[in-house]
Amino acid sequence: MKNHVILRIVTKLLIPYILLYAFYVQWHGDFGPGGGFQAGVIFAAGIMLYGLIFGLQAAESAIRPRLVQSGVALGLLLYIGVGIASMLLGGGFLDYDALGHDGQHHGILLVETGVFITVASVMITIFYSFAELIRRQ
Amino acid sequence: MDGVREVLGWLCIVPGAMFCVIGGIGLLRFPEFYSRMHAAGITDTLGAALVLIGLMFQSADWTVAVKLLVILFFLYVTSPTAAHALIHAAYTSGHDPLLADDGPPVQEGDKP
Amino acid sequence: MSGEQLIDIVLLALLASTAIAIARLRNLLATAMLTGIFSLLGACWMLFLDAPDVAFTEAAVGAGMSTILILATLCVVNAEEKPSRESPIALVAVLLTGGVLVYGTLDMPSYGDREAPATTNPITRIYLDSANAPVEHEEGHAAGSDPGDGFAVGIPNTVTTVLASFRGYDTMGETAVIFTAGLGVLMVLAGARHRRPDPSKEIDLKPGDEGPSA
Amino acid sequence: MTDVLGLFNYWIVIVLMMTGFYIVIARHNLIKKLIGLSVFQVSVFLLYITIGVVDGGTAPIVAEGYEVYSNPLTSVLILTAIVVGVATIALGLALVVRIQEEYGTIEEDEIQAQDHKA
């Protein structure tokens, strides 16, 4: 994929917008359609596009496989952490009212960020493992 | 003012939809891959762009129009690139185009 | 036959024809592309049915992610589907189940009418009201504890509210499902890295018995 | 006949379901079976969303000036189901890759033949 000049330039132009759009979808999930899952998938699609055009080496140096594999667990940890935090603050497990005055808002945003990290990391690890297989052939 | 925007909107959407139909018919009728890609290109760029511009005229407030503008920009960048990538891949994988002096095309009875 | 029903029928016809094309096609690459188109048409139809969140997910996940995964598998496997004799029993079984299902839908509420039990149920009203009621109640009022007077979350998007706040526990389970799926793929595929690419040289691939692919 | 237009959606959903069901049963290629499974799943999603639709209602995002909303509960169920569906399809495809490595083929009858032989 090295000699596709047009594709390289267009992807260089598009990838920032894709990632920005993923974050917009993530944090706009309360007011418009959107949320953790869609944002995670869009973010992973942006990284995959980068990996496809600029090669697996460039993608793996940009986002380390080690980091992504820890991200898989980190997102779930954040989710359960919010649950435990609301339990420590006196409410029930995952009851966001205990998180302070505007607890529901913060709780939902934190939880959606946890889902975003897990979904994005899982999709990127799956892409890396498939790309690793194709490269080994 | 609204009446004019409404009419302008429909003036853009109807030709846009017509171009999409023409692109679709072209996709079916043309003899081989490269001319079909040309027809598909029409639907992508012109048809979609006209429909989007028409919707922009008819959109209720400014935020919707700006979002449609961003979609138009995105479409204008991606669909020609997609067509380029497709044709480049076809050409490099040895799918040579049907030239004028190649005699009758794949189906009989169709003039090239 | 209002305009909306026309769009509805055209979209459904496209969906059905794509599904039948997927069933009949031999070439796996074309089937992968058709699956992407099928998910995108499903997403368009979901948008037409006033469910933008689900349409968003279906488009991003169905058309985007599963097509990429299937194509990646086809790259690694690059197999071609061999024509095989299809037993007519499968067709008979399918038609039979289809007939029974259609008979089952005869007394379902028709599409979109307002007296359907799903919409007149008070629970739906509570979830909808919970979204726009401003948050003014005092601390410690656990959300969902007494569904009687309804509970205020104050977030306009009801779907995200129900997904993250009322059904937070289920979404946690669902994130755990994605976590395990990612782990599963890693374990299944990471194993391939340690084996030599050439399966014919037989070293104790599986301890004890002789590997089938010798 | 009962109002055909009203129940037309359900019948098309059943057609999609049966096509997916047929692909899973009749086709021998493993990847084709997984694709059949995802067709079946999409039809189930569409069935749930069709139940949740309300005539003249807008998307379940509360805004001024709109009173009738479509049912948010079915959307939430389907959001979860879509993502779980893709997770299972990804795992299935990874297994197909491993099966192809071990058996050298992904046609179900050849795999069974090798199993009986070994």
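The letters A, B, C and D name the chains in turn, as written, and every chain counts its residues from 1.
In this text, contacts are C-beta pairs under 8 Å (C-beta built on N, C-alpha and C of every residue); 3 or more make two chains touch, one makes a residue touch a chain.
What you see is a predicted model; the values in this text were computed from it and never measured.
Asks: In terms of C-beta pairs in contact, which of C-D and A-C ranks higher?
Replies: Result of the comparison of C-D and A-C: C-D.
Asks: Could you grab the centroid distance between subunit B and subunit C? Build each centroid from C-alpha atoms only and quote it in angstrom.
Replies: Taking the mean C-alpha position of each chain, the two centres sit 30 Å apart.
Asks: Please report how many Å separate the Cα centroid of subunit C from that of subunit D, as a whole number.
Replies: The mean C-alpha positions of subunit C and subunit D differ by 5 Å.
Asks: Using mean CA coordinates as chain centres, what's the gap between subunit A and subunit C in Å?
Replies: For subunit A versus subunit C, the centre distance works out to 19 Å.
Asks: Go ahead and note the Å separation of the Cα centroids belonging to subunit A and subunit D.
Replies: Their C-alpha centroids are separated by 24 Å.
Asks: Which subunit B residues sit where two or more other chains touch them?
Replies: none
Asks: Counting only residues that touch at least two other chains, what does the list for subunit C look like?
Replies: 52-53, 57, 61, 65, 69, 72-73, 76, 156-157, 159, 163, 171, 178, 181-182, 185, 189, 192
Asks: What parts of subunit D, by residue number, touch at least two of the other chains?
Replies: If we look for residues of subunit D contacting two or more partner chains, we find 59, 61, 79, 82-83, 87, 90, 94, 97.
Asks: Considering only which chains touch which, label the overall pattern as line, ring, star, complete or other.
Replies: other
Asks: Which positions of subunit A touch subunit B when the two form their complex?
Replies: 4, 6-7, 10, 13-14, 17
Asks: Under the definition above, what is the set of subunit C residues touching subunit A in their complex?
Replies: So the residues of subunit C touching subunit A come out as 52-53, 55-57, 60-61, 64-65, 68-69, 72-73, 75-76, 135, 139-143, 153-157, 159-161, 163-165, 168-169, 171-172, 175-176, 178-179, 181-183, 185-186, 189-190, 192-193, 197.
Asks: Over in the complex, which subunit C residues touch subunit D? Could you list them?
Replies: Result: residues 1, 5, 8-9, 12, 15-16, 19-20, 22-23, 28, 31-32, 35, 38-39, 42, 45-46, 49-54, 57-58, 61-62, 65-66, 69-70, 72-74, 76-77, 79, 81-82, 84, 86-87, 90-91, 93-95, 97-98, 101-102, 105-106, 108-114, 116, 118-119, 123-124, 127-128, 131-132, 156-159, 162-163, 167, 170-171, 174, 177-178, 180-182, 184-185, 188-189, 191-192, 195, 199, 211-213 of subunit C touch subunit D.
Asks: So in the complex, the part of subunit B that touches subunit A is made up of which residues?
Replies: 74, 77-78, 81, 84-85, 88
Asks: Of all residues in subunit D, which touch subunit A in the complex?
Replies: Of all residues in subunit D, those touching subunit A are 59, 61, 79, 82-83, 87, 90, 94, 97.
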